[in-house]
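Each structure below is given as structure tokens.
There are two complexes below, and they share chain A, which is joined by chain B in the first and by chain C in the second.
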Partner chain A sequence: MDELIQILESINPDVDYRKETNLIDGKILDSFDIITIISEINEEFDIAIPAEEIIPENFNSAQKLYELIQRLED
Partner chain B sequence: MNRINVLSYLDDIYKKLPDKTAFSCEDESLTFLQLYNKVNSIGSFLQNKGCYSKPIVVFMRKSPAMIAAFFGVIAAGCYYVPIDDEMPRHRIQLIFDTLKPETIICDSTTRVSAEKLKEESNGCFDIEEYTIISEYPHNPSALSKIRDKAIDTDPIYIVFTSGSTGVPKGVAACHRSVIDYVENLTDVLNVTEDFIFGNQAPLYVDACLKEIYSTLKYGATTYLIPKQLFMFPVKLVEYLNEHKINAICWVVPALTMISGFNTFKSVIPQSLHTIAFGSEVFPIKQFNTWRKTLPDCRFINLYGPTEATGMSCYYEATREFQEDESIPIGKPFKNTQILLLTDDNKEAAPGEPGEICIRGTAVTLGYYNDFERTSTAFVQNPLNKLYPEIIYRTGDLGKYNSAGDLMFISRKDYQIKHMGHRIELGEIEMIANKHESVECSCCIFDKEKSKIILYYIGAGEEKELSSYLKYSLPRYMIPSKIIKLETLPLTPNGKIDRLALKKMYSQEK
Partner chain C sequence: MLFTSLSFILFLALLLAVYYIVPYRFRWALLLVFSGIFYAFAGVVGFIFIGITIITTYAAARFIGSIHTSQSEYLKNAKDISRQEKKEYKEHSKKRMRVFLVPCLVVNFGILALLKYILVGRGFIGTDFILPMGISFYTFQTMGYIIDVYRGKVAAEKNIFKMALFTSYFPLLVQGPISDYKKLSETLYTPLSFSGKNFLLGFERVLWGYFKKLVIADRLLTAVSTIIGLPSEFSGAYALLGMILYAIQLHADFTGGIDITIGISQMLGIRLQENFDRPYFSKNITEYWRRWHISLGEWFKEYLFYPVSVAKPMLKLSKFSRDHFGDAVGKRIPVYISTIFVWFTTGVWHGRGLNFIVWGLGNCIIILISQELSPLYKRFHNKFPSLKATVPYKSFEILRTIFILSSLRMLDCYRDVPLTFRMFASIFTGGKYLEVLKGGFLELGITAADYIIVLIAVIIVFSTSMVQRKGGIRERLFRRPAVVQCAVIALLLITIIIFGAYGVGYDSSQFIYNQF
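And now, the complex of A and B:
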């Protein structure tokens, strides 16, 4: 989780990612960010997020994103 | 009939297809007749207010209403300047300094921001709300008087692009350039009434002219795709399918986002028959994926600067490309000519690189309220010593391949293309240098990873500079990495050595 928070903070340090649950709907992250996050996750965790998992529900909070990473790691 | 006013497209089409949907977004649509009525209301309101031959800022959310406001401004004999709520305040202020606007059209989503802007800039402009002025009673006789006086070299819009001095440049274009562009572009795309466009480009850049004018000229339909969908490839393709979108003119990153995430394994665009792309070089692997997935689709590479209205060259890619090849930018549109000029202002020999310079009606009027910068890029054709003739120097290097197609090589300067936007690295540096704790800064661009990296020397922390840049620059110009150094490497003649920085960066990777 800490690694993920670090990736997110490198994109926007002003967000409290442990609390925020509205990253997409609240327009905190935009399309540039999503693409960056996906490629950083790819590098850091060595997993490719498949297209059908790139949906708002998985990106609205760090927790959701972390759950996705764990699911894909299994 | 000889077209001299872009409004004539609307005049023709609203009579022919009054009830067909022209423009649509999530929660709002306008038919051609509704559009015509809104345009005449807005035009009549502005005329009654005494606005004539003035810049009118259109500060609205991306919507069919915003397009109606554009044409309403033109109907009043004024020119529109589109501004977006996502532009940083600081940038809007710089634009207003150049523009000195007297009237701003807003909607309910931008009202508060507009009031704030007025307060911050001590602006002496009026804020008019779209919902009110788009219901204003028509005054046909006043509008037709304006129309009679109009000539085709009158400006109709100003769009702002990145400038290396830190101040954005406002490109002003006239009826004649836009008409010339639309006629020749739609010929190449083979637009018909059956086209259903899915628009990606923001309405504050010239790229949206493709869909707006193709729709007006042929009675096609354009869906303004919600920006959010460009984060979610499967949903985006589902949207295309749901609305039976058959033509798209997108920046390359929007297309590679879909193919790069292997979206086609889950869902394939069903209706697309025309894909035009531009703004950046299409990575061949991604291009081939698209082509294999949609073998019956037309793929058209477009190339051109804002200063020549939109696109100047096209190439229809009808074959598979090898990974070491690049897709040509091809040939100029009809009524446009490309000159390839060498450093000593001679025409480049076949195969020799030269600066791509553009001749023709599509060359715009120049940079608004900025004769100095206009005169460095819009120059006398050096090959013509006999009479005045302006060409636009793009700053792009190109050459002809053995098949006679124009190829893009690179930029002459530090301009880059990133996420479909044109960016001067110098502008980012100028803005960074304004921060009190930055002594000096230098930007490089990692093409492969599409990342902007800012190096700087100074007292402040990287985090502090990062939040300042977020406030001052548009999203697409914000460096992905900010790195503080003890010293910046210098070239023998004392300039910052970008090549050394690039080397340093690639070694650290």
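And now, the complex of A and C:
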């Protein structure tokens, strides 16, 4: 989880990712940010997030994103 | 049949007269019949192409859907297989699905490309070939659906007639919005029951759309066509005037048309997604593209930008770039390549010719430059924290955005790229400002009265947009006494009848976006 928070903070350090649950619906992250995050996750965790998983429910919070990573690692 | 023609008004009146009388379960079928009639008015040849799209998409979706079903059943029953075996099985299923998905995409996009870029405007059986009504919109809508079925986001539609309605629902055929299957199918197949409020609010929105289209857009049509048609004569200040008038015309035309589409649907108990969010109030081009033609932007993001960005070769390229050129380059690679690809395709979608490609890439360059400059903006605003909230600065941002997007739109207007660049440059070097102010603006086929009517109408639209920030106007009007509501509707109706611009035989012009 800490590695993921680091990735997210490199995109926008002003957000409290442990609490924020509205990253997409609240327009905190845009499509450019999402692509950069996916590319960083690919680098850090060595997993590919497919296009169909890029939905607000998976990206609205760090916790949800972490759950997605764990699901894809399985 | 144009939305603004008398025949369409009669067609709509007839539909509304029978729609709420037929039993609820047959309403979608009635919409299909009326969509067929509407489509027949645009030419019988179109039936062949929309028919191919309906049949191929329906069949491919059913095959893909059955593979999904057998996959779920297999995985449910096969409890003792390993994770690796499960993964392999899923990959094998995906491969089988692609056997149906890929040909469906190739056939449908192939038809669109063939007709739009090769046959349109060419001599064909003694007459010029005309693009089948709505093909750019329904092709994108149905291909979005088949990809959703492939992704397992929606189940395949079992009833081919329902599929036909999803493809051909007539209000969407003119200029979209390109609708998402999950949201549209729910409301299209099971619309809301009759509600006086919905009917009234829908009717008001239709009138508002006609007001924008007939009082503003069509009144400016002659002036814009005159300026564009004679570039050697109407350069300099005229080109700037043309740019401003086109920005007003296109906004009124496109948003007005979508108001009519959404309003008609609301009268029928069908909720469509919004296609605009007061786009001319955007502070930069990126924001503008999130608020203008939202459905096209969403389509490209969902089905092109994300898949290209996260494709395995792209991630490999990103990794390679990180290793060889550093993190800064590596993490930009997917964003840059996908953005260029999407904007190139958006340009191609809009039409044949280099103009649209240059227009698309022009938008792309501005978006990427703003992206790169954002840390600089951030530093600037940190230094002057109070500036951002001031009215003059906000107005500057809005006017800058409108100027940039209007400059790019000149590529829509002129016949080739070099001419567009010459006309744009002439705004700064070509003079003629005094000539325009001394009465040149009255030599463009419209009178002083036309300018005054348009000006008042634009002020009304602008004021409405300002009020809208605090919530829906029609909702607020609905809470007023019935007499106030009737007065507003009567006023709008009379304004459209008196001040609307009508062509020969009281038929107005087609919507600009219908040609794309």
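What we mean here is this: the second predicted complex is superposed on the first by the 74 of 74 C-alpha atoms of A that agree within 3 Å, B and C clash if a C-alpha of one lies under 4 Å from a C-alpha of the other, contacts with A are read in each partner's own complex, and residues count from 1 in each chain.
Note that a residue touches a chain if its C-beta (ideal position, glycine included) is under 8 Å from a C-beta of that chain, and two chains touch if they have at least 3 such contacts.
Values in this document were obtained by computation on a predicted structure and should not be read as measured data.
Within the superposed three-chain model, A:Glu3 lies out of touch with both chain B and chain C [touch as defined at top]. Once the two complexes are laid over each other on the shared chain, residue contacts for A:Pro13 go to chain B alone; chain C is not touched.
By the document's definition of touching, of the two partners only chain C reaches A:Asp74; chain B does not.
Applying the stated contact rule after C-alpha superposition, one finds that A:Phe32 touches each of chain B and chain C. When the two complexes are overlaid on their common chain A, residue A:Asn42 makes contact with chain C while staying clear of chain B. Comparing the two complexes, residues 30-32, 34-36, 38-39, 49-52, 54 of chain A contact chain B in one case and chain C in the other.
Against chain C, in their complex, chain A makes its touches with residues 30-32, 34-36, 38-40, 42-43, 48-52, 54, 74.
Residues 227-228, 230-235, 257-258, 261-263, 265-266, 419, 449, 463, 466-467, 470, 475-476, 480 of chain B are the ones touching chain A in the complex. Listed in rising order, the residues of chain A touching chain B in the complex are 12-14, 24, 29-32, 34-36, 38-39, 49-52, 54-56, 59.
Residue ranges on chain C touching chain A, taken from their complex, read 83, 151-153, 286, 301-302, 305-307, 309-310, 312, 315, 318-319, 322, 330-331, 333-335, 338-339, 371.
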